[in-house]
Structures are given as C-alpha cells and as structure tokens.
Amino acid sequence: MKFGVIVFPGSNCDQDVYHAIGSVLCQPIDSLWHGATDVSGYDCLVLPGGFSYGDYLRAGAIARFAPIMPAVIDFARAGGLVLGICNGFQILLEAGLLPGAMRRNDCLQFRCQWTYLKVENNTTPFTGRFHAGQVLRVPIAHGEGNYYADAETLAELERKHQVVFRYCTPTGEVTPAANPNGSVGNIAGIINQEGNILGLMPHPERCAEEILGGTDGRELFASLVDWWQRGDCLGA
Amino acid sequence: MEPEVYRQMGLTDTEFEKIKEILGRAPNYVEVGLFAVMWSEHCGYKHSRPVLQLLPTEAPWVLQGPGENAGIIDIGDGQAVVFKIESHNHPSAIEPFQGAATGVGGIVRDIFAMGARPIAILDSLRFGPLDDPRNRYLMQGVVAGIAFYGNCLGLPTVAGEVYFDPSYSGNPLVNAMAVGIIDQKDIRRGHAAGVGNAAMLVGARTGRDGIHGATFASEELGEASEERRPSVQVGDPFREKLLIEACLDIIKEDLIIGMQDMGAAGLTSSSCEMAARAGTGMEIDVALVPRREEGMTAYEVLLSESQERMLLVPKQGAEARIKAICQHWGLEAVIIGRVTGDGFLRIKEGGQVVAAVPARALTDQCPVYQVERRLPFYLDDLQNRDLSRLPEPADYGQVLRRLLASPNLASKEWVYRQYDYMVRTDTVAGPGGDAAVLRVKGTGKGLALTVDGNGRYSYLDPEAGGAIAVAEAARNLSCVGARPLGITDCLNFGNPEKPEVAWQFYQAVTGMSRACRVLQTPVTGGNVSFYNETEGEAIYPTPVVGMVGLIPDIEKRCGMGWGQEGDVLILVGVTLPEIGGSEYLAVVHGLVAGRPPSLNLEREAAVQETVRQAIASGLVTAAHDCAEGGLAVALAESALAGTVGAVVELAGDLRPDYLLFSESQSRVVLAVPPAARERVLALAREKGVPAAVIGRCGGEQLIVKINGCPMFNLGRGEMEQIWRQSIPALMAR
Amino acid sequence: MLLARIYVTFKPGVLDPQGEAVAGGLKAMGYGGITSVRVGKYLEVQLDLDDRDRAGQQVEEMCRRLLANPVIEEYRYTLEEPAGASREARP
Amino acid sequence: MLLARIYVTFKPGVLDPQGEAVAGGLKAMGYGGITSVRVGKYLEVQLDLDDRDRAGQQVEEMCRRLLANPVIEEYRYTLEEPAGASREARP
C-alpha cells in the first residue's frame, strides 16, 4: 500500500508520519512537497501535523490553498483514502472536505498530553482493528482543536456515525472533564459521509511504538493497510 | 565627537580613547556604534572573560569547546551532539511573550549554524512569587512565548526548571537551551575563510528591531529602561522553520564554508566574528541588505537585531544553488558582501565606505575589567545563623503537604503541558523525570538532557552553589542511566561592576569548575547575563547548568516512578544535618539562611557511578535523586511518578526534620527487586559508597517512620492532588 | 491605492473562548458592567488599485475565500483612499 | 448601554509575521496588487454604562492595562450606542 505524506511549509510531523508508516509499518511512503500538483499512484494521502504557514490567520487556512490541494481534493472526491492529523485535520476542515471548523482551545493554551479516545465507529477503513467502544490512549498537541459544527451539522454527523473518536475518561466515559479543548460533543475525530476522509486532532504517529509509551496509533495505520489489502471498496 | 554620543551608547571615556588608539584616528558615528555593541558586556564579556578561563573545556570527546556558536560532543558512530544555552532575561522582563519566544529562536539558530539538526529545547525559568499578579503575567507570557516558538518549529521542549523567589521579582530569568544532532562530517564553523568568497544574508528582512539590544542587555533595569527600550523584536517561528530546513539542505549539499546566526548586534557581530575567527576581513554593502522599513540608515541596518536571519559564506560558485534552495523554502538569499584579506570589517553604503575597523579589534580587543572582589556583607550573618534552635514541627504530614504545595517543588505540568514535548517521536522520557531521554533513531543510543541550578544555594555560598549545580545535573543524568558528557552554562548575575557581584561570580565559576573537573563534564560553551538587577537589588546569583549525557543502550534506561509492589528501597549516600538553604527552611520557617549542603565531589562521583552501573546491569526499577525538599520529597515524587506507595523506616539520631528534609547532596533512592538487593548493596560497598535499605514499595500510602515512630502516612491521591493543583490554582487567581 | 479595513468576527451563537476570557479578565481587574466581549480580527490590506468597484469585489472575494471562515465567522470591510473618505459594505 | 469597538494593531515598524503570511497567501491565490497586509485584533466590548465620558475613560484604561500590549501594540476605539452614532478617540 503506497502512502504519500504532504509537506507544507511549516509542517513538522511529516517525518514522524514517515517514520511510523515507513519504518514501523514498513509500508512504502513518499514525502510530497506542497508545490506538487500530481498525487496519482498513491493509495492513501496523509496531511500531517505542524504549523503550516505558521498557522497564521487560522490553523490550516493558508495551506488549504497550497498548489497541491486541488489534486488532494480531486483524489479525496474520487474516493481516495485521506488522513488528516492535527494540522492536517484543520486543513481538511478549511478545504471543506470535512464539515465544521476549529476554534482555539477553550483554555486558550496549547495542550500537549495523553488523551483517551473512545472509538465510536469501527467500520471505517481507519478503525477496523478496533472494537466499537474501545478506549485508545493517544497524545494530543495543539492550540486550536476546539471543534465546532452547528447544531444541524452535528446532528447529521451523529446520525450518519461520522463521529469516529471522542475524548473520554480512561474507562470510556465521555465527560466534560475528559475534554481537553472544548470540542462540541467531545469530538476528537470525524469522517466524511463516504467514509474515505478521516480527520483527527490526536497524533497516532506518536504512539506507534512501545518505546514511545503506546501502540494504539500503529493499529490505526495497520487498519488502513488491512482495509487496502482486503481490497474493500468504499461506497459499495 | 561629543562624549555624550559614545557615553549614551554605553562606552566609557577610556574605552573611547582605546578605540582612537586602535584606529589611529577618531572613529565616526557608525564606527562608534560598532564598537559600542561589540564591546558591550553582552558581546564582549569584559567582566567575565578572565574568570571563565577557569572552566575546564577539554576532554577526548569534546569536538568543539567554547568560542563557537555552540559546543559539540562526540557520541560515537560518527555522530555528535551540539548544544548551547542562552539567556533572554531583559527582553522577557519587558515583553515576556516575544522576549521568551525570540530567546528560543536565537538559541536554535546557534545549533543549526553549526550544521546540526535541532532536536530539543530546554528552559530554565525564575520568577518572583506567584501571589503578585505581575509575576503571574510574566510567567504566563514567558511560557506561552516559549510554547509558541518551540511548538511551531516542531522542536520538543523536553525538560526545564522553574523556581520562584522574591529576588527575581522584576527581573525574571529566561534561559533557553537547544540541542541538535549532527553527522560529524557535516560540522561547519562560523568561519569566513577564503578571500573573495561571497557573504550572503538569508532569511528575514531587516527592520529597526532591537537596535542596541546588546547594550540594553548590559544595563540594569530601571525607570529609564522603560524609555530607552529598543523596539522589541517579534519572532516569526514559521520563517525560522523554513530557515532551518533551507540551511540543513545547504549543508547536506556541502555548499558553504561557514555560517552564523544574527543574534545580538545583528549583522555587525556575525560579520566581524566570522572574519575574526578565520583571520580574514569582510566587506559589506548595507545598501544590498533587504529592508522591511524605509529610510533606514547604515547604522540601523548594522545594529538591527531583526530575527530569523543567517549570514552564510558560500563555497565559490555555490551562490546560485544556495539561492535556489532558499527560494524553494520561500526565503530570500542575497549577496551583501565578500570576504577580504586585510582583516578589516569594511562597511559600504552604495559605493561609499561608511566604516572600516579591524574585525579583531571588535572581537578580541574588547577591554577586560578586573573588578575588586569583596565578600558581600550579608553573607557572614546569613551563613552563621544558628538553625539548631528552630522549633521542630508538630505535624510532619502537614510539613510534607506544604512542601508539595510549594511552587518550587509542585508539579510543573502547568508549564510543560503547553510545550509540545513529543514531536519528532524521539522523546522516550519527557518532562517530569530527573532528565529527559531522547532516542537516536537508527541507533540503540539515547541522549539524556537536563538543566539545573539553585539560586538560593548560590546566594548563600556561590562556590557551593556553582559546584552543586553541576553535580545535580550530572546526578539527574545518572539517575536515568546516562553518562554525563559535558555542560553548557548560563551565568545569571547582578551588576559585575559591584565588588560583591564580582565576588559571587568568581566564586560560582570556581565551584562549577571544580565540579566539572571531578565529574569529567567539560564546559563546551555558555552565556553570561549580568546586570540582572532592579532598583539596585541584584537577583540571587544564579548559575544554571545544562548537561548532556549518553545512554549507550536505550533499553537500559531508568525512570523515577515506583511501579513494583515489593521492590526494596535503597538509599545510596548519607543524610547529614544540612537544612541551610533548604526549601523546608524557607517554607516552614520562612528563612533563607545557613550554609548550603556540603558537596564531596569524590563521593558524588562514586554515588553516580554506583547508580549508573546498577541501572546498566538491569538491577534497578526506579532511581531518583534527593534534591530540593530532601528525602521525604524525593520519596513522594517517586510515589507520584509511579503507581505504588511505600513503607519507609529510617533510623538515626538526627532530628526528624533534618532526616526528612535536609538537602544533603550525593543521595539517590533506588527501587530494586528483592532479588537484586544484595548485588546493589555489594556494588555500593565496592565503590565505597554508603547504602542502606530504607523500605519497601507497595500500597497506596507513603508511610514513613523514624526509629519505629510514625512520622506521616499520606495517600498517593491526596499528595497528587496537592502537588498537581498548586501552580494551576495560583495561576488561575 | 486603496486601503481595505476588514473586520472578522465570530458569528452570533458561536462561543468565543477568547472573548469570554477577556471578559473574565476585565471583571477580575475590577471593571464592572461589562456584559459581553467578543474578540475578532482586524486586517488592513493595502491594494494597488484605484477602481473602487474592482477593489471591492476583490476584497469581498478574499474575505469569503481566505480571511474569514464562513462556518464560524462573518466579516465586513470598508474601503478608503489612504487619506480619505470611507464606505462601508456588508456581505 | 454602550458598545466599544477596539482596534489593536502592531506599532508601525514592528514585524507582523501574520500579516506577511496572509499577504503571501493572497498573492499565491492570485490576488495581485497587494502591497501590505497587517493583522490586528478587533474587540467589541458591551458596557452597561450610559455616561460616555466614564465609559471612554474605562475603555482607555482597559486598553492600556489589558487589551493592548503598549510595548509593541497601539490601539484606538470608538464608542457608540448600540443603535447609533459613533465617536472616535485616539490615545
């Protein structure tokens, strides 16, 4: 399965994704410079974390217009697998590939910490290795992860099981205290209706090896590889 | 020239005479400006240079000692670690967010100027007490500024320290350390070699930022500095991130002879230092420097401290390729001059020469001052205070609670949760332990990093304080299983023209030097920050030590949390009746007095050797040194960092408060599986180090008895609550 | 030359964490009678255009596409000659 | 009830990285003729006061103490009745 990780000016988790997929999962992966306009030949595109364009104005706002983005959007609309992590998630929101928007964390500070995530939907290409309701331990590191969607959008997200991860307690309760940033509905990650574009604030690439304190993130990437190897077809 | 002109720039009459002598003529205005910044304390080290000579700087593994942008240490396999610490105290006092942010930006540039990939940041902070809103404002801004810059760069801030004391009110300390890694073949130095080579400026445009910042950093803060403050530099971490990648690409393609960042004194210092190191000269045309503002004079361009700029000396013919790389990263790269053979820094504006001075006159001929050293009058009284008659506390549980709540000892999570300490996925042990541990991908090695210093000890005895800073840093590294390799130091002091400060400085450096020799941790570089005073009151003399160590096999590392029921607790080292300068004395008795704990460096080395060997042999499940708060606090910290409590039985005829809270040096608490107990004790005996079994891990309580008599019994939950909530609660006020 | 002054604010109903914090801060400093604070962005864009209509169109489009996020934000702007008169427009 | 509209901007000469990035972004999107972009803050503060002078004093003070950082920023504000007329003040 061939991955491409997109490098925007200011991306800083691209190498981490590269390592997790390339060295830990041993899958082929290329770095794709934001100035490229062709993404053909890839099975999955990853938009990594970082501070694209310094996150100035709004996180992801300027990156959304990078030269590579039309190709990414076409790829995504054609059903290609797209994973946006942290800043990558913010870019997907700005690009309109996922609904909603990010605000500053309600504590108004950057937060780097381990969080617990409840798997709300394990039928996506990204979560096949998890069981429904499983609690994962994955770190976050962001200042603008306070997810917002209006009531209507939210209801639709819920109805269509597009909320994939929610912040929860270690035992899986979705409580305000377990919410590190003020996101509506404790939302940590969502998927599009077609099920091929996932955005999440937590960093799976930071917990893909035992030495880093956990391997739940590896399972997310491994789920993708499983899915691809099974040749499952989206939207079928 | 009117004396007012050069005096305003910070030069004395004799200094001005010396400039005339060097030049053989009167300097013009621009030239006076060049001398004034380069001969400022900040750049010229005129009150510290002779004293710094005392520090040992050599060891077989030191590849680069002081004098370059950063020090370099060999870590085997053709790799090296590059590191340096720097202060940004004055800018942070004026504008905490940008001051701290640009402090991080500056120190990171020193690392990649050597050709290294920056991999981590550490920060050492001092503020006044948090009940003052001004101090809360400063801490909030400083921490947010470090987070803003470091996080955006994608560099993990993996360790640091924060202390609070009234002596830092009004003059906070913000010391930032950066660490990088490099293949030895890629090492570049800040040399402008090769007559005829170009000088290229890469990065941000030049504005009127921080003109005379270096001079500003060389003055006391006061009413006047509010007025005279230079326009504050604003950091742009996004541009710096691009600058890092561009410079490393340039190194990878072997396109340059040398480079240097533009820190204090901007273009002036980078150009004359690069020339002076190589024994060459440099000619620069300021008209070629891209500007952000209109109407800037040559003087302003030369002295601007605009951030995120580098000066490169390309190999011949490499200029076009360098421009292309910079363009790829969206950066400007412009040839602004060339290397010359006459040793002069010659500044032109268009065709016209506006300044011409020998480069070495600026860097090496800065006058050096030997100020009379005098024992501060406060010391005798403070050191000889009779502490033996202080009342014994009635409730030791309550004392421990108060210590855990003391901001100096309480959890610093409020700070480091704002730092992305995980990015780069090498952080194996982040903030919260004795030292941070980073893996080196592609090898089995680990790097251990720490930064330490105790201003209170140094206040009470700067020699001891300096030595203890080194010893504690090394001990922290040993506790994670690393061998200490070298240090970078930041010496924060008051006005060095005062004999008492001169004495403190000399004493502290002497102490550090003594410890560095015995512990074999040479100094590879550092920074001196003088004039940390407000309204004539100096801060505590505060030497801060950043240290790097190596774990040959990262699988053999150690943490400080207890995790295993039944593990045996062994105290390596001995507790002496030493509560002078302790946190206990300050918190419970409201006193900063006495003598700091004694330090026997041979004992220290043996204790650390014992700990490292025990860890390397796989005998230890947790190790933690006794530092501020003494044994009792060390035990509590290990209980909180792990998952179990312990029952501890101490014996001896010391007063219980001494036994529990004395900050005697050279002590480490090890948790070892019962089967390893005898081997660890035997190892200690072999090294000639006292070691005693003091308890056993287990349960949810930390129970401590002395001679069979219960002293306290506190639950992990309660302790954790107190310890974790203290700083957040203060900051929320 | 025209100067566009652009104001980007959260839509009513979108919680503004920064505004709340500022309001809290002001109250804590002893300012009574503050009923609400909203924090938005203010941009000054210098345009090398003289045609107000074209400039207006351009600014309108820049706001819609980049400067404001329509999911949570709204915007308004004025256009003025560096020296002089101003005109307000609302989307 | 009075509404204070407060504009906080960097002092002239102070680097505005955000403005530069936005300018770069706009150019990359094809908007020519943008000579400069500066990004500042815009705050709306609702005051439960009717006395314009007192309100003005208060806003002035709030700006100085909290809302703007006098070291690098400057501010201006207007005061208006929720419906009506406005008055501009500069420090």
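We just call them A, B, C and D in the order they show up, numbering each chain from 1.
The rule is simple: a residue touches a chain if its C-beta (ideal position, glycine included) is under 8 Å from a C-beta of that chain, and two chains touch if they have at least 3 such contacts.
Everything quoted here is computed from the prediction, not taken from an experiment.
Looking at subunit A and subunit B, the chains in contact with each of them are D. The chain pair A-C and the chain pair A-D differ in C-beta contact count, and the higher one is A-C.
In this assembly, the C-alpha centroid of subunit A lies 31 Å from the C-alpha centroid of subunit C. The distance from the centre of subunit B to the centre of subunit D, each centre being the mean of the chain's C-alpha atoms, comes to 38 Å. One simple way to say how far apart two chains are is to compare their mean CA positions; for subunit C and subunit D this gives 9 Å.
Within subunit D, contacts with two or more other chains are made by residues 17, 21-22, 24-25, 29, 39. Shared contact sites, meaning residues of subunit A that touch two or more other chains, fall at 53-54, 56-57, 61-62, 65. Multi-chain contact residues of subunit B (touching two or more other chains) are listed as 236, 238-239, 330.
If the chains shown are joined wherever they touch, the resulting network has some other arrangement, not a path, ring, star or complete graph.
Touching subunit A in their complex are the following residues of subunit B: 144, 147-148, 151-154, 236-239, 241-242, 329-330, 416-425, 427-428, 439, 441, 554. Touching subunit B in their complex are the following residues of subunit A: 9-10, 12-13, 15-16, 19-20, 23, 49-51, 53-56, 109-113, 139, 141, 143, 203, 205-206, 208-209, 211-212. Within the complex formed with subunit D, the residues of subunit C that make contact are 1, 7-9, 19, 22, 25-26, 29, 31-49, 58, 62, 65-67.
On the subunit B side of its complex with subunit D, the touching residues are 94-95, 98, 204, 207-209, 229, 231-236, 238-239, 292-293, 306-307, 330. Interface residues of subunit A, counted against subunit D in their complex, comprise 53-54, 56-57, 61-62, 65-67.
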